[in-house]
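As written, the chains take the letters A, B, C and D, and residue 1 is the first residue of each chain.
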């Protein structure tokens, strides 16, 4: 398993890309200053005909670790694992999501039923680079929503050509009441300040990973207790990755490092809504834990 | 009336901001190298307590024009009049649009009727800077849509605080069939390669402009003929600018130079769809003509 | 008197340009985000036909100060007062300097005598932007020099066209023994890591300043004592500013914000050399005090 | 022999790094978008434990050439082969240079004799990135000099740590009369507009190159004739590369991609001076030909 992080290195006052191994972080950037992001590394390995494992083995050969992952997290030094200029997302890719979104709305002939079955999936723009929140940093509630939930999503990291560089975890923080009021309000339910985070690491695609065998767990803590916990198997994802990527890229060239969130299969009960002070943990053992506290709406 | 353009100056190989007066373009950038975009100029005039007219009068006092507007357009030197990193749009802000979008869909209890009347307007993300097409450059059709139209929209240019710096014209090129199939497909109907253009100038807000008195005209030419032409009065815009800006910015800080398209009130007949080779002209006399040719879908 | 500083604003995590008045700093950047450096402000005032005093009076009208100058200095938040990409310097512009440099060398028919009298002054490249040390930050000694002194110099801040935007203080830290060994070693005596600082403020050229009436004082402290102190009147500067600027710019276009140090008229006794831990203060009452500690040579 | 070029690719409107093989240019940038300059490639090969030959063989395996070198040169598409932010130079490193510089001056106890023999070489700052002229572009004469010559110099391309990435050719265009008048005028004799070019390729250091066996030739054409031609063997270079690099870097950290010109061993007769319209060719068979036309001084 190859996992990388991006972090702010206090010594050099610069962004570093690091390999995460046994809880320790080995700086790739110290060996190749131009490597501050996974995409150039991906292109380099491919152009040099090196497997991901062989490439990283060479890159860190004889190198001492910079710090432990826990130290970086504790110092709020973690950055999104990819410098993504655009984050997109898919919706209604799990049966559980279809059920939940139907429950939000009063429409008959549900748009959610139809998109679940249709050839064309639901794909939407989620965030620009400026709007992405780093792992560990707070996501923020909307001032005009009384029903908000995190949406834990396995996320793909793509090249411009649609290759899957690897996977990470994403939180598509959403307003269920604004969305439920009218599907035309989806952008306002999805795209706002501090509504998107992904990380904490990039799990590289070496060809050996089997996402269908993965399980994603959402845990929301409030005070000292668990306010909600749920899991879903990736087997419940009804859309193949390749199909989501194909629709994303149709007539729509994307940039290297684009993140595509693949939809949520875990939805808290309808009576649950996030509160300031909650902590959201999205976990997938092969990737790690994406943790974000929840903050109150911005003042105005 | 104060109108500015941005263009590529071949002499200095750089982006220039210019004042447009009597068909001639006077470079502001030659006098103040840092002024390559309207926003810094707006902030400067406000901070120095100068009216827009007084400020520009001083900036071009005694200056010779660089070129005529027609020359710049003919040389494909025009750039978007604002360096906007984000373009957003509003929908169903005219009665004509409500009718048209209802016609696209088979849903009862129309989401379009509801958003037309509701307190919350439809607001969506339209384009990132990389996805904006300059005036005069081609917009592109989708390969999987058989029903596409330009959406001519008066557009606001905003500061981060929501001040209206001025107005420009925008084309929210859209796929009516993809949208009509399911409102969850709106992003795919709206956000794709070469789907957004705005310009050709920025008409500055001096306090003397009366948008309610404006008329916007769409002319689509095919071969040597006019394939469609229609007009709408801005009086038909049912949402005040301030309301659209307020909803855009709610829990959603925007960047200086954000463009907000205010919706379309001109919709060709249902049987009309754009073809490669068409030319789309969006005209509002106080602003000018935004012209974009229509190109075939990207190959893949 | 108009004086500006540049500093790192911890609230916005950005570079700010500020007006210094009565010990308080008023952020210009908060009013006009594009104004992070004096040069755009200079061009703007000139293009808008505003005097420097009138322009700054308007810019800070009704504005509350950000911080005191002393606070910024104490927090090491001061930056060079101009974002200069190039720093140049003149030599042997004072009789005292001619004497001193003659004492360093064993050559007859002294190159220093000749350049003092000749039409063409001595002009040399001193530092790139990366090599400029901010006010308050340490300058560094060379590992291979046993005789080093600061060279306190009134410095001009220029536009590309050679206009004097204003004045600041500069320290042209130099190795007297390396230079004295052979004038061909001047670059190595002048251009090395941490060999150049300027500031702390920019005193703007309003037309009312009379540099010939200024006095520059150098004070070097060691332990708790004054190890050296000396002064020189600007009347001792034998080269007019315009002449130095003309020679700098001959066949040599310079960038906006170029700093030109005008030579030193204060030279400690021959037996004096700087030591790590010394503090160097260069003072001119109309400008302020440029303070830099002296650090030991870099390890290797 | 591994040789790379940098050029402007008209298709992608971007800077490309290319491998030059049998007169054809293979774009490296097309395979790895982050590789637009040699230094990241050098660091990558070293970090991945690949020899330069093995690395480049893999990078261009199966790739079709972009264009021929001659085509790029004819289109003025060549750029300096390294994106160097600083260019430095050494002087009096050949006997012939010592003789020539003595002839320029009237000083006894010549500074040139002394620096030729001394432990410390002459090292000086030659150009910033903005002042570097690309291969094929014009170098410019000074308006106040009647005696100017090109100085053809083998040049080193360095990492920040002082490793020799490879070699290229450099032209240290100089004014012999300004320098001869007083060595304190060296910067004005060396550092001015259009006074520095290097290229046309970077010859990579694979460990197999033997610079001591190289011969450098200078050919100056005027009208249809050869106005001057001369050669020098690198065996005449009296300073080892490592020594020049060591003195450059002493107390003076340099940036990745710094170019160090190693001095000239070819000097035209004293009666020769460049004229506008001349063409200067600097040739070393293992590297290629650096060609620059000579332009008249800038107007003022």
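Annotations
Following the convention adopted for this analysis, a residue touches a chain if its C-beta (ideal position, glycine included) is under 8 Å from a C-beta of that chain, and two chains touch if they have at least 3 such contacts.
Fair warning: this is a prediction, and the values are worked out from it, not measured in the lab.
Between subunit A and subunit C, the least number of touching-chain steps is 2. Between subunit A and subunit B the CA-based rotation angle works out to 180°, given as a multiple of 5. Averaging C-alpha coordinates per chain places the centre of subunit A 32 Å away from that of subunit B.
Averaging C-alpha coordinates per chain places the centre of subunit A 48 Å away from that of subunit D. Counting partner chains per residue, subunit D has no residue touching two or more of them. Viewed as a contact network, the protein chains form a single closed ring in which every chain touches exactly two others. Each chain pair that touches appears in this list: A-B, A-D, B-C, C-D. The touching residues of subunit D, when paired with subunit A in their complex, are 31-35, 39-40, 43-44, 46-50, 55, 58-59, 61, 256.
Subunit C makes touch with subunit D in their complex at residues 85-86, 91-92, 106-109, 111-112, 114-115, 118, 120, 122-125, 128, 130, 140, 142-144, 178, 181-188, 191-193, 247, 250-253, 255, 297-298, 300.
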